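Lettered A, B, C and D in written order, each chain numbered from 1.
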């Protein structure tokens, strides 16, 4: 959100700093209060969905929901008010989420039932990452995401293979098993195959013929074994990321040792000065001494 | 498919380049259109298997299926037409798949029911790998497959052990549990044991006696723990593969040893200086000494 | 428990050494006997919970339970008796567990039903770690806990992401699926989503609409794939921990840097020769040159 | 079985070589035929357990079973006949398995029902490892077993923790859930907790109260996450084993580089001769030249 700029007045700038930044105590307090309000409003939606509670306290839930909607509408209005270019914010990631979070209640005035969509409000808790950003979570999150991105091609290949296997086995079992066992169509059989391959195993659809059970056993063993593929790929990537973070690849010009930590200035094996762009401080008082490899 | 050769005429060669190669825009477009047609035809087979849709739109599905079959038959005919040795292609991997993909519909004229086999058409999407080949997927897929191949012995040992455990526990539970609980035969008990060990857990057959439940608990804990084996083996292989980038293919000019790490400056077997572009630092102060292989 | 001190008399000190320490044969024997008694008492509580056994041998279970409670009360009394500051122990981790382990039976005199809580007695088996402490388990346990602690931030991020996914998918399926399928409220749908994402798959609540099943398939594939994240992170941490044996604790005499690899001969920060028992080879041909920090 | 010695006669020695060794074509053929017979006899036991097949072909199964039992009894007799010390073999691992594999059928003459135990015959397929021994499986199996043994302490700690968690959560849910939901005793609740924690999820016993479901969710998330522990530990061990196999820890005396492959004779960075016990062949014709670091 660094690209956002406050409208150029005193009050607006101060409000901007509280709402959009997180580096003053007040701004941090605002962020935490906002996340608290978001979580509470999500909790209210969840509790309202429980039939018993809705029957007894329906009026309260209704008031609370409108309360939160008005609060979040006000917050969005203030956000837009103190920005130089409000439309830019409304088209940004957080702007869309802010809008989407208040829309369902307003929509429900027109379309009954739209209210249930209020749970999308949960997406607003993504703002929590703004608070986390101040802590040391970010580096580690970035490391994880980096590893995921670098292994994404391999994980795509893996999921493609899984999808092929699932479709082929599903079609086979669909041909073999009677419809009474629940295999009423190929899409249903695919649902069963995913349930089986991922080792979820609901048991709502299970093979009843010996041949169908034999194929199930194959699907299970495949699913049980190939989980090693994404795990191995991702593990290797995390290990590579951690190591790349710590060690430099450059070899010592003196002895060639090439596992120096990035913060090393002297070779740990032969004592040669490693930073070739800067003079070795050891040579400051005695020009004739050169490091020896 | 590099071994395939076009028949030596102008038109045939041009068609060959479009159908069998992927390096011109037209050839790439053909590949993508073909994969689109294959996926659509598979989708049609899937939708047709849904009873409701088949009842309402059966005639349409029938026409679509024949349409795709004729299209793929035509495509195969053109493929064979522009080849020097058509039989060679028909016996190749992709040739067999192409043939198998159109057979079921033609067979259904003679044998009703053969139509369901049309899903084997899905195998044709393997052609997608020809398009992927142009992208960077291949190196990574090869890395994964290489790691799988190198860990295959260990995974075979693992699966053999799993099979032994499964059979022994299945026989035990078959002896303990009453047939009413679903353990009607040893093969069924093996099906149950695989369902349990792979943590799928359908729940269609579950132990009802305390002793049977105790053995189940053992099977579950074993299944939960030994998944670490293929995962660990495969992780180690992927890490080894990534690190294998460490090695150069170039042979030592002295002794011919060819598995030097890329950062090697001297041959680890005979001590010969490996970097032919730079002088050996050992020779700086004593010109008459040369490394000996 | 090193901070505990015996009350200063002969008998009390001797009892203290038996009860609170583990380095004499008698003290070790006491520990083992105590753990035996704890496990037996837990076993009794378990067996008593089986309706058939309780009906037949209820009186025996009652007597055994009181026997163990009196035994443990006596043990706690002796513990407190031989300590200089008994209250300090009662507020410690093991003191609270000791108290909590005997309370339920005494409470049951006043509040019927409190007896079932006797299973908390199991927590007393944590004392087993005192015996294990003497063996080589500790270093490895500490390595595991260290790896867990260091990867806790990343695992927290992972669980937070899982929670977000679970809530969003649960809300979606709650909107789509009819209440008759079991999705009666959002909290219930969250229960279903966790059952699915973690690949447990009870099957007590399963989607019945095609759209609900399609979303389930996505949840399953996500759950099946992202297990790679904590596994990869933890694997990398364990490998890093094992490799941390690589580092020496000794500080450089020149600059005080104290994270040198064990094979380091020169300080990576200031180039000082680290091995004080051997002369620096750099000084062999030029005695007047000394490394400078 | 290297410690076994043939009885000292010509025929016995020749039979010994066929039965107990695997290095001649005849001995290998005997091993493979034996494993074939064992697998067939196990298959017969499995098929016999299927009610439909037993009803139709019971007489045949009876004859086949006696055929295999007589065959294996004869084999054991021949084994004992050609050994110097038959009792030594009978008390060995394979001897006990051989005896146990034929006992059930003989026992069934006296005790009806003992026949089902014939499946223990499956243990005889362990002999397959004798054939595998000749192939390259052994090194890899040993690597896996070595890694398992070295990580066994940590896996024991892990299973102990799992057992503690399972018992505590099981007791909690037993107190919370009504007996009608299936939680009839603490042992049954433990069975449920293992089913849940290992992500098997039969669904034969599931929580019905909101509090019970909340605790289930915790058990599932714990089970889903802590699988990372044995996987990480074992992965790290396998990686350590592979590396320990390939690299030596010793540093080069010239430059200190310490990641030399075990087969290295010259340092790959500075060309120094690494094997200090043998003279450098390069110095054979020119005594004044010494490698320089």
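FYI, a contact is a pair of C-beta atoms (placed from the backbone, for glycine too) under 8 Å apart; a residue touches a chain by one contact, two chains touch by 3 or more.
Just so we're clear, the structure is a prediction, and the values are computed from it rather than from any experiment.
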| item | value |
| --- | --- |
| Between B-C and B-D, the pair with more C-beta contacts | B-D |
| Chain whose mean Cα position lies farthest from chain B | C |
| Pair from A-B, A-D or B-C with over half of its contact pairs in common with A-C | A-B |
| Interchain centroid distance [CA atoms averaged], chain B/chain D, Å | 28 |
| Whole-Å gap between the CA centroids of chain B and chain C | 41 |
| Residues within chain B bordering two or more other chains | 158, 187, 190, 199-203, 223, 227, 231, 233, 235-236, 239, 263, 265 |
| Residue ranges of chain A in contact with chain C within the complex | 42, 45-46, 49-51, 116-117, 119-120, 122-123, 125-126, 128, 136-137, 140-141, 143-144, 147-148, 155, 158-159, 162, 187-188, 190-191, 194-195, 197-204, 223, 227, 230-231, 233-235, 237-239, 242, 260-261, 263-271, 273, 280-282, 285-286, 289, 291-292 |
| Chain D - residues contacting chain A, complex | 199-203, 231, 235, 251, 254-257, 259, 268-270, 293 |
| Residue ranges of chain A touching chain B (in the complex, touch as defined) | 153-154, 156-158, 160, 164, 167-168, 171, 174-175, 184-187, 190, 196, 199-203, 206, 210, 213-214, 216-217, 220-221, 223-225, 227-229, 231-233, 235-236, 239-240, 251, 256, 258 |
